[in-house]
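The structure appears below as structure tokens.
Letters A, B, C, D and E mark the chains in the order given here, with residues in each chain numbered from 1 onward.
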């Protein structure tokens, strides 16, 4: 397969200090790449660079095009990002918020939604189970409900590549599972791919096609999930015996 | 030599007068003009900045902005007395209280709104500066002049309807009853179209158009050409005064300062409005 | 429900506007007014019983006044909304960025020095005021850009505040030094629609329509920006460009309002809150509604300003707050009780 | 054992609408009560009531005392709450932020820290692995680092009862495990207890002494972890077969 | 590092204060000043070559003036810090809550109507101004409480804004109606330390010390409140009580400052930012440092105000911003470049 996203020798960070150092990888269409790594290793920073929210050195290409050469509105049709921490200033309703995801597809200066737009919005709302809350103000939601609003907004953007920064935070078990299933199903469809940051390695097990383990801003190792999760890589980075802990806990279920 | 005399100034403050008045600070042009007229011009050491240009002052007189005076300068000038004005006071409180603490007597003159008030101003200044005789002459001279105009105006039957402007567009201001200017207009037999309003009132353009005065007078001196400005106002061409080119400027200093010099303004107004009676 | 409310807002606006033309020192009927307008626009004959005075009052004084009040109010309402939601600060208004201090300073200078540029004549004050208001904002943007490439809200606010306080200080010193003109300057600043003729209305229409078009096209971007810069960027907003344009066009709006009628406050701060209260958060509603509400409040205030102590007038800037505050308190806190 | 916290027939909510309805339970000293339930079921609302941040009807007692009768400063010595969503307005340093947790123990009007205070702060920093970042401004942290700052602040408060609303959000695996181990160890010591809201049922398995399953503001069921997790309760509430999903994942680790 | 900076700030403050006593129309030496102070305080003999004039100038005019300037600046700096961090808004200041409009309104009323309360004499204006400033804030708190039990920041800000605009409008109308007093009112509002004797200093010391003590005891609570109401409550802060007290005491500070010397701006908005920039976020540093910085800036501005166009003065409120703005720009953006 052709890579839909190619990242090569990327450096980026804040205030002139590099957080991400020399990271390279490719994402093929139809796959979900999971990025894992300890807190502060640079996962969110990397995603920000992929969405061109921060400047970077090196090359990040979608198909053949460097993302820094693409207009934001065009880029937004290709790449959507769910950020790790979101802020709410005005109390938009759930529907209004999700509808904003369609912005990059609307050509008129007025926010006029076409039938297609509306269908996609409905679809996104349904996927995260927010149909009943559509007219609720987003400042009156629970943590998980709000997270789902932003997820729906990201899906409504209908991009080729979806970047999810800890999407399962605040979600209850059902929505965690459904979300990852939806993402799996979503990427199978047409020319799409996902890059997902996750801390829950069970979820990684369940959804990743490939895994990159970041460590202090560098790519420690990468490969198929089993190659990363079942080797010593995790222990080297996290300094705990992950596998043992997992099997211990999971045995309690197996009773 | 003698006991210090205490007077109550016209705003009710008790003031201990100095034995001799050899250096005076005046804080308003009206007071300055009166002082000069009473022969005190050479004793004035400092005046407010609006008094600049009054003839009879020393060349080296210090100009001070009395809305924002530097107290240290005042003290260092060693004045025997400060003749201040109500305009300097903020709400009954005594703005120059610290100067009194520093040993300088301060008297306040109230804002004058009648011709009688001008007489009283002159008399009081004369009292504290010891020039009562000169004051009596000055006042008598004024009364004589005024009587002259009253006599002539008694014979005017068709009184001209006049609008007297003291602040230009867009914030029109005029005068009415309770002001010495209104008294002056009455003396020369002018019918002020806004006579019933207070002594200084904002007025709307619509109201002037509706009143439709025959003559417009203005004593505004701080814009380039006040007469032309009035004539060029949109819509004002329907006013008789403008249509008939009866808009005139009246000297600002003589008409806006409450001093003996108002008789000059009186003359100017009378001759402007009723030239036929003063040939 | 939104539709009914929109209708209500528009009906109120039109009613107040009609009222404003009817009410004044000289009583006229609606028929008179129609007659005068038709006469002036299409040279239809004037009814003989209409005094030329009355015609002058209606056509030269009252009509342009009402239109100007509406335009200025709308400009302030709209630009207040833009700045408030752009900077995400309840207390922010175009004045925070120095538009009004810039305009006031140069207006003060003109009034104090008493000059006028021959070609501009009557419009010297508004045009120079407008340009200096705009210049101040450009200076704020340029300086912000220099110290903070991201043009982040907090930096804009701080720089705007410092610049505007600085220019305001210069203005204060001016008024202190040129005290003969103090009254004129202060009265100008308090705001008034008195004695502004058709030339002002023409100037207002041009600048305010440009300004309104400049901001109305970014309602979606404002929605997105309210979720944060990063979020907006990721959704496809060229945040830098959009922010700069919104700052500039809202300054055009406020700048022309201030230049034409003085530094009238209140509307810019309050109209957006009322509009949000009534119509939710979406700027496609909030922005135009703020404009209409601002215009309506301004006309209404002007009616009060010029009739309540007739034949004098009150400064309309003060009346706006005096009437607007209780109205605001009612609308805004009705439901919370 | 004597209950350290007794909740009986509690109702609470927002704007006069009840979210939590008739919830009762007790927490014994030395135990960790986990609250689980779908998004929006009222978990955070319940914790807010337990910390007396919102008014409630019914009774919430610490020992014998109704919490609404306790002065806030006294209450804060007994109960600490980690909220689900935190906000940062001024850029305090990590150390300054954690030190604020000591507030309720400081009697002077000046923030003078005693040796004991300092020790506890150091300890809390160490527990969440933030010693090296002590002088970093909190607005320059990654999501997980920031979450750990707030955790350390909560621990520094040194209460009897610790209320943790989704404490493992944003944390990497290592800190998730360490945190829960620390909590387990912490409650064993003296007269202490924890109430923890978690979505990750594996973590619940690992750390809960008792579990309450909330459903639409009411207590659906409660008991020992196995009693809740391995019965049909989960399926009834979440409408998915949790156990099957878990064992599926498990197999991947067990390979 | 903090220690060195504290030392620097304090040394600067003392230096500026000494300079302020030395500089003026009449030149004196430090020795003269010491002699005069000792004479006045301990009845030590005066050197015979000292003119009684000079003694008057130093003791009756210059000393109280410098002290008053420092106290007022400190009050504004401190209360600005409190309100800004309490309401979490860069643009918030005690003026936002109506302190200054309340004070200005009643000051305007007194000036316009020209009355004075016999017992208070000279201090009628400051005392009534102070009380009305405070009354406005109490009204804001009471109304906020009525519509929003939580006393949430946004409501406080909105209510404060509306109240203060309302009162300000009333004040504007006053100035428009009593145009003879306009100059006096405006000049009062621009702020000045001229002609304030020891009676003002005594009043200032009492109220400003009370105010400072009232706010300084809540530095930890302010730290906690900056993380949000809920967070602060959970940490043991009686947020309601603390917020109310902080609002009241900071209004005491601003109220006395405004009452004693007019509505001087800038310091309240800028001192906190500079203090934060230099000393981080903890209020135990930020609050006192803001006060000292505010006081220092005020003395320095007053030196300029009274010397630059002697024998007249500039309004100190304007000078403050004129000097302070470039200073702020330098400090604040030095590092960002």
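Assume a contact is a pair of C-beta atoms (placed from the backbone, for glycine too) under 8 Å apart; a residue touches a chain by one contact, two chains touch by 3 or more.
Being a predicted model, the structure only gives us computed values, none of them experimental.
Looking at chain A and chain D, no chain is in contact with each of them.
Ranked by distance of CA centroids from chain A, the top chain is B.
When each chain is reduced to the average of its Cα atoms, D sits farthest from chain C. Between chain D and chain E the centroid-to-centroid distance comes to 44 Å (mean Cα coordinates, whole Å). Note: centroid distance chain B to chain C, computed from Cα atoms, is 39 Å. Inter-chain spacing, taken between the CA centroids of chain B and chain D, is 79 Å. In chain E, the residues touching two or more other chains are 176, 179, 183, 187, 314-315. Residue positions 65, 67-68, 202 of chain B each touch two or more of the other chains. Every pair of chains meeting the contact definition is listed here: A-C, A-D, B-C, B-E, C-E, D-E. Here chain E touches chain B in the complex through residues 24-26, 52-53, 56-57, 60-62, 107, 110-111, 113-116, 121-125, 176, 179-180, 183-184, 187-188, 192, 194-197, 199, 306, 310-315, going by the rule given at the top.
Residues of chain D touching chain A in their complex: 14, 37-40, 43-44, 84-85, 140-145, 148, 166, 169-177, 199-203, 205-206, 225-226, 229-230, 238-240, 242-243, 245-250, 252-255. Across the interface of their complex, chain E is touched by residues 89-92, 96, 143, 146-148, 154, 157-158, 161-163, 165-166, 168-170, 172-173, 175-176, 179, 182-183, 186-187, 190, 265-266, 269-270, 273, 309, 314-315, 317-322, 324-326, 328-329, 332-333, 336-337 of chain C. Those residues of chain C that touch chain A in the complex are listed here as 85, 88, 216-221, 223-224, 226-228, 230-231, 233-238, 276, 280-282, 284. In the complex of the two chains, the chain A residues touching chain C come out as 48, 51-53, 71-77, 79-81, 83, 86-93, 96-97, 100-101, 103-104, 106, 109-111, 157.
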